[in-house]
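Heads up, the next two complexes both have subunit A, just with different partners, subunit B and then subunit C.
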Partner chain A sequence: MAGADGDDSLYPIAVLIDELRNEDVQVPNVSGGGLPGYRSKRSCSSRETFRCLRLNSIKKLSTIALALGVERTRTELLPFLTDTIYDEDEVLLALAEQLGNFTMLVGGPEYVHCLLPPLESLATVEETVVRDKAVESLRKISQEHSPVDLEVHFEPLVKRLASGDWFTSRTSACGLFSVCYPRVSSTVKAEIRQHFRTLCSDDTPMVRRAAASKLGEFAKVLELDYVKSDIISLFTALASDEQDSVRLLAVEACVSIATLLPQEDLESLVMPTLRQAAEDKSWRVRYMVADKFSELQKAVGPEITKNDLVPAFQNLLKDCEAEVRAAAANKVKEFCENLPEENREQIIMTHILPCVKELVSDTNQHVKSALASVIMGLSTILGKDNTIEHLLPLFLAQLKDECPEVRLNIISNLDCVNEVIGIRQLSQSLLPAIVELAEDAKWRVRLAIIEYMPLLAGQLPLTKSLCRVVVYAIREAATCNLMKLVEKFGAEWAQNTIVPKVLGMANDPNYLHRMTTLFCINALSEACGQDITTKQMLPVVLKMSNDQVANVRFNVAKSLQKIGPVLDSNALQTEVKPVLEKLATDTDMDVKYFAQEAISGTRFTLASLHISTKSDLPF
Partner chain B sequence: MAGVAGGNDFQWCFSQVKGAIDEDVAEADIISTVEFNYSGELLATGDKGGRVVIFQHEQESKNRPHLRGEYNVYSTFQSHEPEFDYLKSLEIEEKINKIRWLPQQNAAHFLLSTNDKTIKLWKISERDKRAEGYNLKDEDGRLRDPFRITSLRVPVLMPMDLMVEASPRRIFANAHTYHINSISVNSDHETYLSADDLRINLWHLEITDRSFNIVDIKPANMEELTEVITAAECHPLQCNVFVYSSSKGTIRLCDTRAAALCDRQAKFFEEPEDPSSRSFFSEIISSISDVKFSHSGRYMMTRDYLSVKVWDLNMENRPVETYQVHEYLRSKLCSLYENDCIFDKFECCWNGSDSAIMTGSYNNFFRMFDRNTRRDITLEASRESSKPRATLKPRKVSTGGKRKKDEISVDSLDFNKKILHTAWHPKDNVIAVAATNNLYIFQDKIN
Partner chain C sequence: MSAISASEKVDGFTRKSMRKAQKQRKSQGSSQYRTQSAPVELSPLPQLKDAPSTEQQELFTQKLQQCCMLFDFLDSVMDLKSKEIKRATLNELVDYVSTNRGVLVESTYPEITNMICTNIFRTLPPSDNPDFDPEEDEPTLEASWPHVQLVYEFLLRFLENPDFQPSIAKRHIDQKFVLQLLELFDSEDPRERDFLKTILHRIYGKFLGLRAFIRKQINNIFLRFIYETEHFNGVAELLEILGSIINGFALPLKAEHKQFLMKVLIPLHTAKGLALFHAQLAYCVVQFLEKDPTLTEPVIRGLLKFWPRTCSQKEVMFLGEIEEILDVIEPTQFKKIQEPLFKQISKCVANPHFQVAERALYFWNNEYILSLIEENIDKVLPIMFGSLYRISKEHWNPTIVALVYNVLKTLMEMNCTLFDELTSSYKAERQREKKKEQERDELWKKLDELRCVFFLMRFSLLLPTRGCKTQGRRERRSFGSI
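Up next is the complex of A and B:
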């Protein structure tokens, strides 16, 4: 160990250790009977400082442990940490996390059980995040226990937690059964199963919830016979618990249990409970079923899906509670995708589509918006003819929906419809509605249109209406999208459609719009090439150098610097340079500054041109 | 133990009184809520100064076997501070409107306290160990020379005097436009509801940044407003059921399973008005000031200005029991209206076995009703009878005619002394009665 000769290398560690302790103790007020007129005068800032220092020390716990050595870490540091569970959540959370990586610092797997006491006390605190982290660390170090240590040290800890007085310790125990079960002897296994059973019927709903949420995980490590004998009865009991918060967690467990069981047992062991959950009196349970529908569908397989889940799904889509309908609507596409191939189309057309049609005109906007985010995906499944006949009217209706989010969700998914029905059909039926949206009152919708414009441009023919969309993009200064458009359609298209609009705005009375011209030119010059830039854009920029607004003038200087590399050296010398020189003597400080910047910038361009001409010379 | 008083059962006797004796009472010291925790071991009070005081039941001592343990101060803390809403130019009082204990989950205790706008979750925990041994300091606190540290010391925990700490764990704010009148913890132990004049919100105890609105009775046009929510409570056993009472004297029972927004009640409790007793004040005095489920969950009790009613949850058209609290005030309503007393919000509570109920009145009187024998009694919380072990004498108010001996005439009642908040120990016959700035604790006399 270092430091025996009294060098100061121990000092930083000494500081860290001193700051580990929780010094900030609120002075209590015990003044006998009566209601004392006491106001707490706790200094928040000092409390905060102490907390930060402690947090810092805890995060460097490995450094402290390293300096102390494995022996003292085991005998002094860990016992101290075990007893300091008074602290703030943040500190405890950091401690719980650190201890999960402490195996080597206490002397390797042989001594890993030393970490159990502090983690055990952390697993009983009231703060869920801390408990969960402690359980996570316990699960981690359980793997580092030898089978013998697991039975001697770890398993007793799980039992202690499982039979603890407070529900906090019992909830923590629920997460630990599955990690020790596979590695212990069959007698201990029987005990673990018994403990789990007890917790599933605990008095407090919290413990039952914890058990229900770990039921699936525990089922996975159990032998199939026990799954059938033990887990199913627990599952059935939890799924009919009096508290809906417990029942809804059983739905989740249903997925993992169903995947474990052979197909022939599903009908008798799982389906009665699942059917009951899908029709539960509580909307929260039905919501959970709707939310987990795709997973359930995969877990129970095609046959049960066809016979049972399709009607259940129909009911969920028609549920009286909007939250449930919205959750189900979200799953429409996935559910249809995962239907058995051979009669998929028939099921969708006769059973699902009628419900979907109703949802399009639902009274609740969340339901409509959930549907709008997935409905376009149906077109790939149903094919061209069905899409045109049945889906397009729905899309159109949603594009015109009063709720902006619905319109937005439809626009964002246009590409998948295009793949199915082709450009012509799409442009004929949807384009008018889309162009209308470019003038939508909600800026988010306009923004979405602009953002999807390059995508739309790939699919829609170059019509006049598209140009109107472009104009809006210019107004909103969506320069980056303009660049993408020009790249897609080429310089000639840009020269005919975009450039005139951009240059037209140079004479706008609003100086912000005039600046937009400059920003667009900055973005477009490279894509448009030297010819258009020199002949059409440059004159406009130069003319704007006389603008009366200084902001415009210094942006001219910036633009000139930006488009410089695109221009030929002749234009730079004869046209750009004089203007920049004039701006460099401007009365406005900023204009002067940017003009000088541009001059040194373009000089660099000139110089590099010069060099490149030189190097072209044959030697 | 059913009896409330009189008869052969037992008598109430004085146990303790807390609070200053001075005649002039500071506004901040007025107790605004009283609540026992689930075991009855702790008793919390909140006051208009935003403070919460927690009393702990001391174990019975061997020397004085005739005495049940007393309640002594366990922890005192400032729960809420006065605030100012600059956007609405409104002062937010620090007054604690309600306190609700959470079921105990580990060695610490947790409670929710609320003022008009903000609900806070407090943790009350004990600490009896202190870390000792520094690296950088000597035992007597002098700093050591950093260059002379030759070995590292890990602090050791040593026992110390018990210290009780209260720390704020969560702050649930910004969810109520109107004044919060109730909070109630759900039996699922993970959610609770909070009600203001027009809305009820559902919170998760661990999530502070959002709550769900489950009842909203605010009309689109505030001029059409005809009633407000006066109290709300979760069912003690069924996590999906809660009730709320209104200023129109009706109670709605809602089922959260049916829909996310409970704007349509599952049950509607209303007693048809007796046309003969109709008066100008009918509407005001029928307003419900408190609603409480019985521990069994079968009944609920409502308090209006003049009476307490017990309703069977299975019968909506009338209460199964009605008790008059101070019927003699019916002739005084006009003056009670003028001094605003008619708007006082009296609370009510059940005893541990649901066999008796208690509620407050004026002149520091409080009333108890035995549901089995239908006997009732009026008792007084006063300094005069606050001698140790003194038995409380029943009080009587003369109702018209000639005043008998030991009776008090209605005109001499002190309307400034009112008992609005009372609490009954969940298991034992111990009651806590808040009389302005004093907290009286009474218990049954063991013969």
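Up next is the complex of A and C:
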């Protein structure tokens, strides 16, 4: 048990540190097998092993700390880690993460500040992921500092980072202001605000980007007066930065800032900037506005939405860059849903719908498919009559769109419309298009149709065109749905429409189609019942046992096992058994295997027959 | 229904070549963001050479203003007549500034820069192909190139005109101008980047006041490329300019330049698309080392830090760069880095990927490197021996084995006694390493056991009172007495 306190003789720190420094790890022997196929694999694994060893030691840092005890962790391990931070980024990343969970290992919250020096160094390295992880850990342990420690140890660190020479430390500082601000005295608060202000106008765009991305978060912890006096001016400045990468981050901050401010201040403090962003000359900024539109809409409230955001949204839907239009199209449904209820319909009909109509025939397929993924949602908002009059023609156009993704998105959302206008209306207007899609060149579209078959079939009258769809379903081997369909329409329907098609494919020149026959029979036999299975299906299956292709033959064996329980015992004994026995002596290994499987699987029924006839045996 | 007919498909999938061809057909982008106002139709102005010299200046200005009109090139049939007029005018302007003397009077500078800015400065359009692979895919070409090309041409002739006066132009060609010019280097169109390269080079040469600014902004672009976006099309072009800039640095090098080398150029080696600009990058690095040989050690250590782990193609590039550095290295510098460097090289020669191994073994064909090795054979041979000895027996590729035999032979000739010693102690060495490995495993096993015990104790004792700080401390103190 002594180990818990750190036994010197057992685990001298030198050994552990050696382990951390370990570089000369013997690369596992790469034996010279001449197979070129192994080359790349081996090259990775042996080199990976080399690095992983040291990485593992870092990942087990907590074990080392445990072995050393809290005292020596503080006085020996942490100084060592702080001094020797020059390593591969993967190792540093693991270290940064570990240190965030080290509070107990250094002796609890009162010693947590011991972790700051190594994390401070990590927060200044170049590699972004390492730095971000160090900041994350710093944010985590900041919560474990007492208010006094926060001012004595943590806040000075933030200040040092904020005034660092190289941009990396200043970037890291941006993420730390908001965690210490609420818990420090008002003089320190003033200093923090000043530092943040400086970083917002930093020379390096990387730092301004970091500051802009934390602006919203920082605003949330500030007192409202300072939000109005400080944050707004920073926000305005960042939103008109010379680099579009900074400006677009200000759009994100806009959401949080607008939420914080009282309604009456929004118009004067936020809206000028937002309007300008929506018409920015860089498409990236406009894209960001479009992407955040629902959030912005909620943040500024219904009045401003009606007056400002509706025209802005119209413009975004008509933007000259497809990226922006696609982002805006994605938001159509959400935007409409969140419009103030009293004039929602009117706004949609007069302002939004005309733009949407144009987007249906957009030149860019991403725009169309983004729209197709949400447009069906409008029907619930607009109600039955508007949907039939205005939306259905659009859906129809999109179902015939040349881009498969558009068609797919429409089909996948059919149920929304179904709820509003009812299946009868839906089937009359859309069914012809759907039937056509069942023959679509893209398999994803066909698959989507097949998946909708049971839903449609449940409510549609059995029409000739529906049968055609079903035939396609068969060819796609959509066996699962096939079973559902047969259950719905009954065995007789199946016998007349499906079974002939299925059995016809047994003579197809393509062996894949011949196998489809078998798969369909597997699915259908139970639903069709003993009579159809024995009389119509079994002969075909048995005939296929002579197929040239081994894959077909072993699937025959599998099918026979599957349909065995449905067959009558006579057929099983006289027809199935000989065929299986023949297959069991096939030249192909797999055919043999599956035939034997089938024999032993079917034997249960065979055996039970034997038992019933030989019931006089003593048991 | 779909654009690709069924006959073009194999097993339901479209052929990759088909999809590519489809994509390429429309790979033209344009990025002029205009307000809704449609362009007005242009009417041709009289030729400059026909105008009397008193009116030429006025006409020149008018033509410059006319060329500020922008056209939509994505719609190829729109404004055909006006487009043609603008093209002819631009051609005439190019001709005018390159052949005539005394046409660049002070009052024309604002008009000229205004025309240039209006035409070339724009936000680049989103890439047509989000996962654009510069090595594989065809770039999207700028649709408005027929006009933009002439504007670039004009800018270049303007800068190169013997009458051109930087002192006047600096009011217009300022930091903002340069910043926008640099952003354009991200253009996917190689023709545009090529023009930009020459233009930026001229500006750097003529505007002394902008030099530091240009370097700093290139710095920022690279840092953004390395650590943020991993995407920038013009890295190779910018490096090419830098190559000639570094060449002109005064000695001793300023701290700023050294920082640029260590914090920007070296980390650039980590980029995914290194192959696209490695030649230019290696040139810049070698330029630095030729200026200041004391930088060799940090540079090589930096390269070793970022040595590729899984990408053999990049590893071959790194080895190439190391050889370029070794070609110019000073013997004293070589001594400083030989140990870490040859540890890496010994790993490379043992690399199962034969191209990596081969590239590393080619070092022994380099006379200068051979002489450096020979001078330091007592240090180099012990590092290299293990790997070479092992792969001479074990490598799968016969070419590598043959190369290794040659290398071993060369090394043996350099120091026969040391070679024999190493051969005889090879087995013992391997044994020792294995033992060390075992000890390490043992240590970790013990530590893991300890960890389990500790956690068990912590759970059984601390769990009921967890959450209370002072109690937690008391509990822990009681550990010692167990």
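By definition in this document, the second predicted complex is superposed on the first by the 460 of 619 C-alpha atoms of A that agree within 3 Å, B and C clash if a C-alpha of one lies under 4 Å from a C-alpha of the other, contacts with A are read in each partner's own complex, and residues count from 1 in each chain.
Basically, a contact is a pair of C-beta atoms (placed from the backbone, for glycine too) under 8 Å apart; a residue touches a chain by one contact, two chains touch by 3 or more.
Just so you know, these numbers come straight off a predicted model, no measurement behind them.
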First, second, both or neither for A:T124, with subunit B first and subunit C second: first
Partner chain in contact with A:W166 - subunit B first, subunit C second, else both or neither: both
Touched partner set for A:K60, first subunit B, second subunit C, both or neither: second
Partner chain in contact with A:L77 - subunit B first, subunit C second, else both or neither: first
First (subunit B), second (subunit C), both or neither touched by A:E242: both
Which of subunit B and subunit C A:L68 touches, first, second, both or neither: first
Shared subunit A contacts, counted only where both subunit B and subunit C touch the same residue: 3-5, 10-11, 15, 22, 25-26, 29-36, 38-40, 67, 126-128, 166-167, 204-206, 209, 242, 244-245, 281-284, 320-323
Of all residues in subunit B, those that touch subunit A in their complex: 16, 18-20, 26, 28-29, 31, 45, 47, 49, 51, 53, 72-73, 75-78, 103-108, 110, 123, 125, 127, 129-131, 134-137, 146-157, 163-167, 169, 187-190, 206, 237-240, 256-260, 437, 439
Residue ranges of subunit A touching subunit B (in the complex, touch as defined): 3-8, 10-11, 13-15, 17-18, 20-23, 25-26, 28-40, 67-68, 72, 76-77, 80, 83-84, 86, 124-128, 166-169, 204-206, 209, 242-245, 280-284, 320-323
For the subunit C and subunit A complex, residues of the former touching the latter: 1-6, 9, 12, 33-34, 123, 125-126, 176, 179, 220, 223-224, 226-228, 263, 267, 305, 309-310, 312, 347, 350-354, 356, 390-391, 393-396, 433-434, 436-437, 440, 443-444, 446-448, 450-451, 453-454, 457, 469, 472-473, 479-480, 482
Interfacial residue positions of subunit A with respect to subunit C in the complex: 1, 3-5, 10-11, 15, 19, 22, 25-27, 29-36, 38-40, 42-44, 46-48, 51, 60, 62-64, 66-67, 88, 108-109, 126-128, 166-167, 204-206, 209, 242, 244-245, 281-284, 320-323, 400, 402, 404, 436, 440-443
